[in-house]
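Next come the structures, one after another.
Each of the next two complexes has chain A plus one other chain: chain B in the first, chain C in the second.
Showing the complex of A and B:
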């Protein structure tokens, strides 16, 4: 953390950046996002295993952009989001300074997005054994059982949209759920409204989700909605060898390659 | 009526619970799920938990659910036929295990739903609801009821309030006629009042500020940068409003199926970016700090000015549920020191 703080202080005092987006201590010893604009406040930066919020969500927020050029403290989940956002032309290299951070709080400096991309090659986006076990359980259900499982799970949802707000990939200024000419998704948090919202959300994140679990962590009801996207990630890994976002082939499901096999079309 | 005090033995509590269920009333009580504790239909007393500071969601759903079908309609050549809400089908509900902060939340809610017109769906539901409160023995760092006029043993809003005594038995305070009606279901369980002091059995919640000071400050610092500073990390979801016992904003939607349809009321939140978006495209609250200011001003200035009641009971639910740790007690404490 010493190196990260030192670098952050340098960047602020040289005015290379206007704000450091990082983690600081919050309520009850839990971390929260910090927007540090003064060198003196750099000391407030912290990093630990509880710092799981994906800070990349702030990179596309108008209110935060107004603060000026940011440097962002970036563990692997934030780095992945940065690469995906870069592919989607939401951020550019000149817009931000990335202060990579390892689990043992060491600073990793990057001169370019390409350098982040090659760093991430050592951190393949793969599902762990526990995630695979849960997915196998869900996939092993009959159609009726699976419908009942998701209906029950999503019945908790009251549509606060914390999942959307916490997701670095949900940066649309106007989301499809707020369109009402025509209205695609029922506004109400009833069974149909919830099911359509969560299916739409998951499909919109197909091949874009960076598997950071920000949606699940943000959910006040603890809904396992992240397993909808994990299921697609598992398919993408198995069938297409997908291991995470890249600068060239960021949108897995909207990427066309003349060599793609089409033998699934019957 | 004046409050009547009794002793209810801990062994009598499940008996009373069963008697209420047997009376045909719908009973909702705190039930643990995998991630949350919320009011839910419970089959028996064994499903009821007492291991919670406050439930994840407030008790407001009993009268103001997240989706309410207001009326059905059928369109035809001759016009529109409306089938009104069946008020007489609203059941008697007993909310068991309501914390004093939550019970106090029904006053501001009621003030909003009866402000200009009497919202008969809400008020009928509330009339048919009996609140069985349980005082708090425990509080956490998010609790601040004592800073907004409440306390962990407040009887406000409850029909009966139980306070656990050192023996494990309960002091029962019967507060209203609705409470008397519950007592009448099993009068033998309500024994002579205990001598033990109620206060020593309550959680300690430090006073951080007063609601009057917050009102004075927010009225004065409407144009301050404090709102921007505080709202920086807010990501604009609706969690705070949806878990809040006093947030009453709603959206109205028509759901059509051919010529049939119904009009519904669903929860809404001032923290959503489109909450005040006009048809013209103009939004008077274009940024998150304006929306955060609105949230606080509404609770601590506009509500007391217009309907003579504050819109915060200090339950701290919004702080616990917030995905980015927008701690309302911390923010209000800072405002109180301005």
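Showing the complex of A and C:
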């Protein structure tokens, strides 16, 4: 952390950046996001295993952009989000400074997005054994059980959209869920609205989700909604050969391969 | 009580399947009348939300059909659609929405007979499965429950 703080102080004092987006001590022992604009405050930066929020979400927010050029403290999940956002032309290389950070708090400096991409090659985006187990458990249920499981699970949702706010990929200024001509998703936090909201969220994140679990961590009800996007990830890897965010190829659903499987099409 | 007649909604593309279905008619081929056809510019233009809307409105089965690969009027709309359906089918299945009720097919403008066959087999299969009440029950609150006072 020492070298991260040193670099952050350097960047601020040389006015190379105007704000450092990082983690700091929050209430109840939980870290929160910090937007550090003075060199003296750099000491407040922290990093530990509890820093699970995806800070990349702030890169596209107008309120943060207003502060000036940011430097962002970036563990692997943030780096992935940066690559995906860069691919979607939401951020430019010249707009941000990326302060990569390893789990043991070492600074990794990046000169370009391409450097981040090659760094990420050592961290393949794959589901771990526990995640796979949960997916297999749900997939192993009968159709009726799965329907019951999800209606039950999603009945907790009261549509606060914290999952959307916490997601670095949900940056649309106008979200389809708020469209009312036509009304795609019923407004009330009723089964139908909940179900359709979560289906839409998962579909719109297919091949874009960086599997950072920020949505799940932000959910006040602790709904397993991240398993919908995890399923999309598993399916994309298995059936469409998706490997993770990249600067080179198109988004999963905005490109195609003429040889994609079609065993379900008559 | 009379036998259950499934309601089938077909989302088809303008250039191939819609023309194919037209050919079925002009060729005087008879097929099940359970199907309501909705015409789209392209399969690539069919939003996955429309399937949910159809189920919510009481459809028992859905047919999605468009141009064969490499035949798309817009070059690649059907390729994009195919990818989307690969992902969406997986998600529907995972959430317990019955994918046996959704039939995907390629029907060209020359395949009037194939269209009749697709409709007939889909109607038979869905008739076998019975009415799709799971989704409808969830969607019915719009009519049966008073929300927001």
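What to note about this one:
The criterion applied here is as follows: the second predicted complex is superposed on the first by the 253 of 266 C-alpha atoms of A that agree within 3 Å, B and C clash if a C-alpha of one lies under 4 Å from a C-alpha of the other, contacts with A are read in each partner's own complex, and residues count from 1 in each chain.
Rule of thumb we're sticking to: contacts are C-beta pairs under 8 Å (C-beta built on N, C-alpha and C of every residue); 3 or more make two chains touch, one makes a residue touch a chain.
Small disclaimer: the values here were computed from a predicted structure and weren't measured.
When the two complexes are overlaid on their common chain A, residue A:178 makes contact with chain B while staying clear of chain C. Once the two complexes are overlaid on the shared chain, A:160 sits against chain B while remaining clear of chain C. In the superposition on chain A, contact is made by A:145 with chain C only, not with chain B. In the superposition on chain A, contact is made by A:35 with chain B only, not with chain C. Contacts of A:63 after superposition: chain B is touched, whereas chain C is not reached.
After overlaying the two complexes on the shared chain, residue contacts for A:240 are found with chain C alone; chain B is out of touch. In the superposition on chain A, the residues of chain A touched by chain B in one structure and by chain C in the other are 186, 188, 190.
In the complex of the two chains, the chain C residues touching chain A come out as 48-49, 52-53, 56, 69-70, 76, 79-80, 82-91, 93-98, 103-106, 118, 134, 138-139, 141-142, 145, 147-148. Contacts from chain A toward chain B in the complex involve residues 26-28, 30-35, 53, 57-58, 61-64, 156, 158-162, 164-166, 173-174, 178, 186-190, 193, 217-223.
Residue ranges on chain B touching chain A, taken from their complex, read 33-36, 56-57, 66-67, 140-142, 228, 231-233, 235-239, 241-243, 251, 253, 255, 264, 266-267, 269, 272-274, 287-289, 319, 321, 323-325, 327, 330. Interface of chain A with chain C (complex): residues 138-139, 141, 143-151, 184, 186, 188, 190-192, 195-196, 199-200, 202-203, 206-207, 228, 231-232, 235-236, 239-240, 252-258, 260-262, 264-266.
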